[in-house]
Amino acid sequence: MALTDRVREILTWYSSENPGTQTNIVRLLNHGTLAGTGRLVILPVDQGFEHGPLRSFGPNPDGNDPDYHYQLAIDSGCNAYAAPLGPIEVGASKFAGQVPLILKVNNSDTLAKIDQPCSAITASVEDALRLGCSAIGYTIYPGSGQRNTMYQDLREITLEAKRKGLVVITWSYPRGAGLSKAGETAVDVCSYAAHIAAQLGAHFVKVKPPTAHIEQEESKKAFEKNPVKLDTLEDRVRFVVRSTFGGKRVVIFSGGESKGAADVVEEVKEIAKGGGFGSILGRNAFQRPRAEGLKLLQDVIGVYKSAG
Amino acid sequence: MALTDRVREILTWYSSENPGTQTNIVRLLNHGTLAGTGRLVILPVDQGFEHGPLRSFGPNPDGNDPDYHYQLAIDSGCNAYAAPLGPIEVGASKFAGQVPLILKVNNSDTLAKIDQPCSAITASVEDALRLGCSAIGYTIYPGSGQRNTMYQDLREITLEAKRKGLVVITWSYPRGAGLSKAGETAVDVCSYAAHIAAQLGAHFVKVKPPTAHIEQEESKKAFEKNPVKLDTLEDRVRFVVRSTFGGKRVVIFSGGESKGAADVVEEVKEIAKGGGFGSILGRNAFQRPRAEGLKLLQDVIGVYKSAG
Amino acid sequence: MALTDRVREILTWYSSENPGTQTNIVRLLNHGTLAGTGRLVILPVDQGFEHGPLRSFGPNPDGNDPDYHYQLAIDSGCNAYAAPLGPIEVGASKFAGQVPLILKVNNSDTLAKIDQPCSAITASVEDALRLGCSAIGYTIYPGSGQRNTMYQDLREITLEAKRKGLVVITWSYPRGAGLSKAGETAVDVCSYAAHIAAQLGAHFVKVKPPTAHIEQEESKKAFEKNPVKLDTLEDRVRFVVRSTFGGKRVVIFSGGESKGAADVVEEVKEIAKGGGFGSILGRNAFQRPRAEGLKLLQDVIGVYKSAG
Amino acid sequence: MALTDRVREILTWYSSENPGTQTNIVRLLNHGTLAGTGRLVILPVDQGFEHGPLRSFGPNPDGNDPDYHYQLAIDSGCNAYAAPLGPIEVGASKFAGQVPLILKVNNSDTLAKIDQPCSAITASVEDALRLGCSAIGYTIYPGSGQRNTMYQDLREITLEAKRKGLVVITWSYPRGAGLSKAGETAVDVCSYAAHIAAQLGAHFVKVKPPTAHIEQEESKKAFEKNPVKLDTLEDRVRFVVRSTFGGKRVVIFSGGESKGAADVVEEVKEIAKGGGFGSILGRNAFQRPRAEGLKLLQDVIGVYKSAG
Amino acid sequence: MALTDRVREILTWYSSENPGTQTNIVRLLNHGTLAGTGRLVILPVDQGFEHGPLRSFGPNPDGNDPDYHYQLAIDSGCNAYAAPLGPIEVGASKFAGQVPLILKVNNSDTLAKIDQPCSAITASVEDALRLGCSAIGYTIYPGSGQRNTMYQDLREITLEAKRKGLVVITWSYPRGAGLSKAGETAVDVCSYAAHIAAQLGAHFVKVKPPTAHIEQEESKKAFEKNPVKLDTLEDRVRFVVRSTFGGKRVVIFSGGESKGAADVVEEVKEIAKGGGFGSILGRNAFQRPRAEGLKLLQDVIGVYKSAG
């Protein structure tokens, strides 16, 4: 399809990238129900790796089969489907060309006890290319004592991905000894985390919806000197988007823990109003029976569609 | 031989792999007594490395000679023979083309005291290719503080193996500071471990037969919310297979510690009924006098043969 | 423009470099208001990475947008603009050829708690080349227990940069368990730090303005034996420049924490009189409203211009 | 010379190796007084590195000169001379083609205090090739917490050595926190250590003569279940050889600490009777005056010669 | 110039090296006042890196400029000038071909507190080649817990240097937790350290003048069994040279801490009588006013000249 003005505008932020990467940015923005709007809803399924198949797929055992998620992403009109190596491989040939793919190239599990969190690299740019993916996804944990390892691995992967025309999407989840539990979603930390991902060269940045909590002492002082309206999620999303190169990077928000469908939709409305570029919804989508999950994804997509 | 419907079906799960890897999957599935059934019995001999030649081959000293195992695998009608570098090298030329080979590319010994278990990489994809192997085998210890090292090394080996047309078989043995001894074979942990191996891109996954023990608190809660029948080994095998991409990955089960031949066969019957794809029998096969070991392997193969 | 005698003299200090690097040295020295004087004023914006967007851009939110800094550097007549990967990418195509670029290839954030400071490598020489940069910037922390890692990474980057015709600018900031807080800017430590950067092959060296504090016992003894006039900043700058190959390396000084515009200009006058080759002004430039920041940069440039 | 039946038989154990490696195996087996017997006596001189020149060459200062050892190995009729990089380099050109060379590619010294022993890699396969060597020698310390590092480095070196037609000889010396001092030469540990070296792909394995001590609890139980005659050194050597692929790998035994010439010869007789493939004699040979050392080497060679 | 008999003799010890390395050995031996004698005096200037510019160049500030040292080495008739990357770069083009250069490729500073000393690698063989150097210099600290890292890095650098025709000169300075302060220059440790450097493949070895102290218990016992005359520095130098392949490696001695010119010359006389191949004099040369430094270097050179 022809480029809309909005997609054309977004592309100007990525004018330093090669045509290969620009093409894949368009593939992500021009697929599904939200094609052309500059908004995205993505179905990510790395829960099995992160929390095990029992907790992930117990509520809806059909989700054990990776093909289920391919089909759900296609049928719901999502912009893309994101998963680790194994599940992408199961359906990459079968569903070839039907939905843009994001290969999640690092992952963690919860069987080991680790002080300073650090995901393992579990796939590569070459895997993404041979499997027909448009993007790679990578998680960083700012706040972890192992952050340098993650940043440096990401640097190498990013360089190779850009050289070979892929899009880089960075999940930026603050975590580690330097942060309190509440601090992991604090608005100052969340905006900083989104900013770091952008500094590291991410095209798209994924963060959790920011809370009103403020974690760092220096942040409190900074807000006192230069107050910012942070009362509602809408306000905070606006602040996070502004913190990410003044809005010149696509920032999308995760759906977080599973909750009622109505709550999900309400949250997404706030994100959309605050200028968030989209949502990435996993558990809330695939832990419901297929009909319900499909409807929720479509409702969320509808929120962004009507937000324009 | 021509492909049976079952082998053809299994191949659809690996449709993203190149013809080289698909060819080697067929070589493993179409060899020996179980050729064409989609089931496998494999003879693995890495005990010497893991527990020393004395404990491994003391009961049947003929087993010190690697050629003994080549011949046993051939005569019993196994699908394949798996071993570390040294023993594969001894017979690779002598028995060339007579039985599919799986090169075990990482191994541990029990002379050193190690807190966080991690196998050493002891062979490579290039070794597998020059020795005519169809697959490489790799052990991960989910639960170990060194799991990231193992996952990342496996990622590199997997990528090279797939590029060069080999099959990747992952031994997934939960172990380490994060787990109790009973937890190493707990059904929640075992299914999670099989799932991780699949997520990491394994073609075939090897796990221990799961017990009814449940290790993680979160697992107990998850089973309460979404109950699953786990009373018999058959039930638990079914659960583990389902947890591994809804059955779209070949999951085989180890024979565990040496025991009576009748017990082995009974256990295998449960595994076969639960949909397990096969067994990998080491000590129970080669620690018996040759005639007994041969018979036991044939009996086990017979169970799968009659299970269809 | 033709080379002035001063630029020609400076080039003799770099006569071992290839013509590619010499060309980029000229590009840096012959751009902006100070072109041809052998002095430089550079706009660096890595504050967002180091202290977060809130503290960095809260006073002047327009600074969230990397394009703002490109334009500020161009309009103020700076010699160059320095930033990490992400911000350079945003404007590299849009502003191509309008101002020399310095890609900052390593960076730290302040979300994690780290004992021995060490920046992560966040970009590469290849990035600098594909983005049209003239130089790479790298920070070392002499005094850190991780200094060897930083020196060795720098060695590799320096070798590649020189091979490919780039300029290497080293930020040398003493920091770590071996030093007191006051010692980080002590004149003995500062001169040592500048010297180390030069020993490691830096073309240009950036340090903080040295204080009159003397950190190391051996330094006190050394000054007693061979006294040096260190009373004023001018004296100390002269000592630091002399300590850097007798003045045969370009040494520039950071502006430090934000302060009154008049104070900044006074400090710069001392630096200029002491033979400092220039200033690198970040927070003091971009945390003010644009008109004020622009004027301050121009005033500072004016100081060097009139110093000749 | 033409191959004897025994050498031809030994070669069948290495039928998976390329002709380059097979050629070098023949070079080692067909050189010196024992040519064609399938037995080997090797002169190794890495004592200088391991214990310093004073303790190593004090008793016979002529041994400081590497050429001394070349000449001793040649004159005594040894199969090969083994040493680290420096000494091999001194004489490699001068004595080119006069005696097969084994380049010892890792080494330890005794100036530092180390908890978990690990030799440094001090030479490479490329060094061996440019210096005309037939084999590389590598030491592993099973039982050390750093064993994985050693095994993995060995794996890479082994792969390259085999690719380029060299022979791999592994010194397997159990050592480290997991073992008592007596355990380092215990028969269960020694046989396990020889087995590990073979599993890792060694062509020839070097161990210390095993004592009657049994180190591991599991070993005691295993011997109770399946008794083995271990009374004499001859018995124990037979057990170690059997434990190394049922005798399908060449196992040679070190001479140990310096002692009376008669004791050395008596020990070697036991080794020869037990089926040991040879001896590797350092200190006992070069710490004596040349005439005595020469005679001892010839006597030891004579033992193997008459053992057939 | 034609080769003297002595240089021709020395070359026979390096007959395994390629003609490129042999050529550079000749360049070092055939330059300056001592050309053809087989003795060398080298001017090394890495003090700035090791102890800072203040302590290094405070007594004679002209020494801040690297060109000063180039000129001093040339005018005094030294065989070579040795320095780290930065200073070599400053003058390499300006003084091209006027004096053989030794690029010091690893270095330490004294700003950080480190338990187990280890120099950082700060330059490479490629740097040495592009700058026209004849040799690389590398420091090892036998006795440090990090010695393996240093040995292994040196191994790689040595291999590359020899492949590309450079000379390898190893500074062997025992240091670390395993040694007392007095032990760092003890005659048993010094001779062991020189031996290790030679074992690692060094062409030339640099050590400190050995004291009569004996550090290790085993050394005392060894000297009791096999007494060696160690009363004078001459004796001890002779012992160290003998310990380094029986004199078949060039061993040179450092000048140590700054002291009176007469003391330096006296020490050098002992070294020359003991068969030391030369001296490497830094602080004692460049911390004096130029005329004095020049005279001292010439006096030292004179000692070796008259020693023949």
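Labels for the chains are A, B, C, D and E, by order of writing; each one numbers its residues from 1.
In this text, a contact is a pair of C-beta atoms (placed from the backbone, for glycine too) under 8 Å apart; a residue touches a chain by one contact, two chains touch by 3 or more.
Please read all numbers here as calculations on a predicted model, not as lab measurements.
Q: Between chain C and chain D, how many steps is the shortest route if every step has to go to a touching chain?
A: 2
Q: Determine how many degrees of rotation, between 0 and 180 and to the nearest 5, align the Cα atoms of chain A with the equivalent atoms in chain E.
A: To map chain A onto chain E, rotate by about 145 degrees.
Q: With chain centres defined as C-alpha means, what is the inter-centre distance between chain B and chain D in Å?
A: Going by mean C-alpha positions, chain B sits 35 Å from chain D.
Q: Find the geometric centre of each of chain A and chain D from their Cα atoms only, then give the gap between the two centres in Å, rounded to an integer.
A: Roughly 57 Å separates the two chain centres.
Q: On chain E, where are the residues touching two or more other chains?
A: Residues: none.
Q: Listed in ring order from chain A, and going the way that reaches chain C first, which chains are there?
A: Order round the ring from chain A, first step to chain C: A, C, E, D, B.
Q: If you look only at chain E, which of its residues touch chain D in the complex?
A: For chain E paired with chain D, touching residues are 12-17, 142-145, 147-148, 151-152, 155, 159, 163, 174, 176-179, 188-189, 191-193, 195-196, 198-202, 216, 218-219, 222-223, 225-226, 228, 242-249.
Q: Across the complex, what residues on chain C touch chain A?
A: Going by the criterion above, the answer is residues 48-49, 51-55, 57-59, 61-62, 64-68, 84-94, 107, 109, 111-114, 118-124, 126-127, 131.
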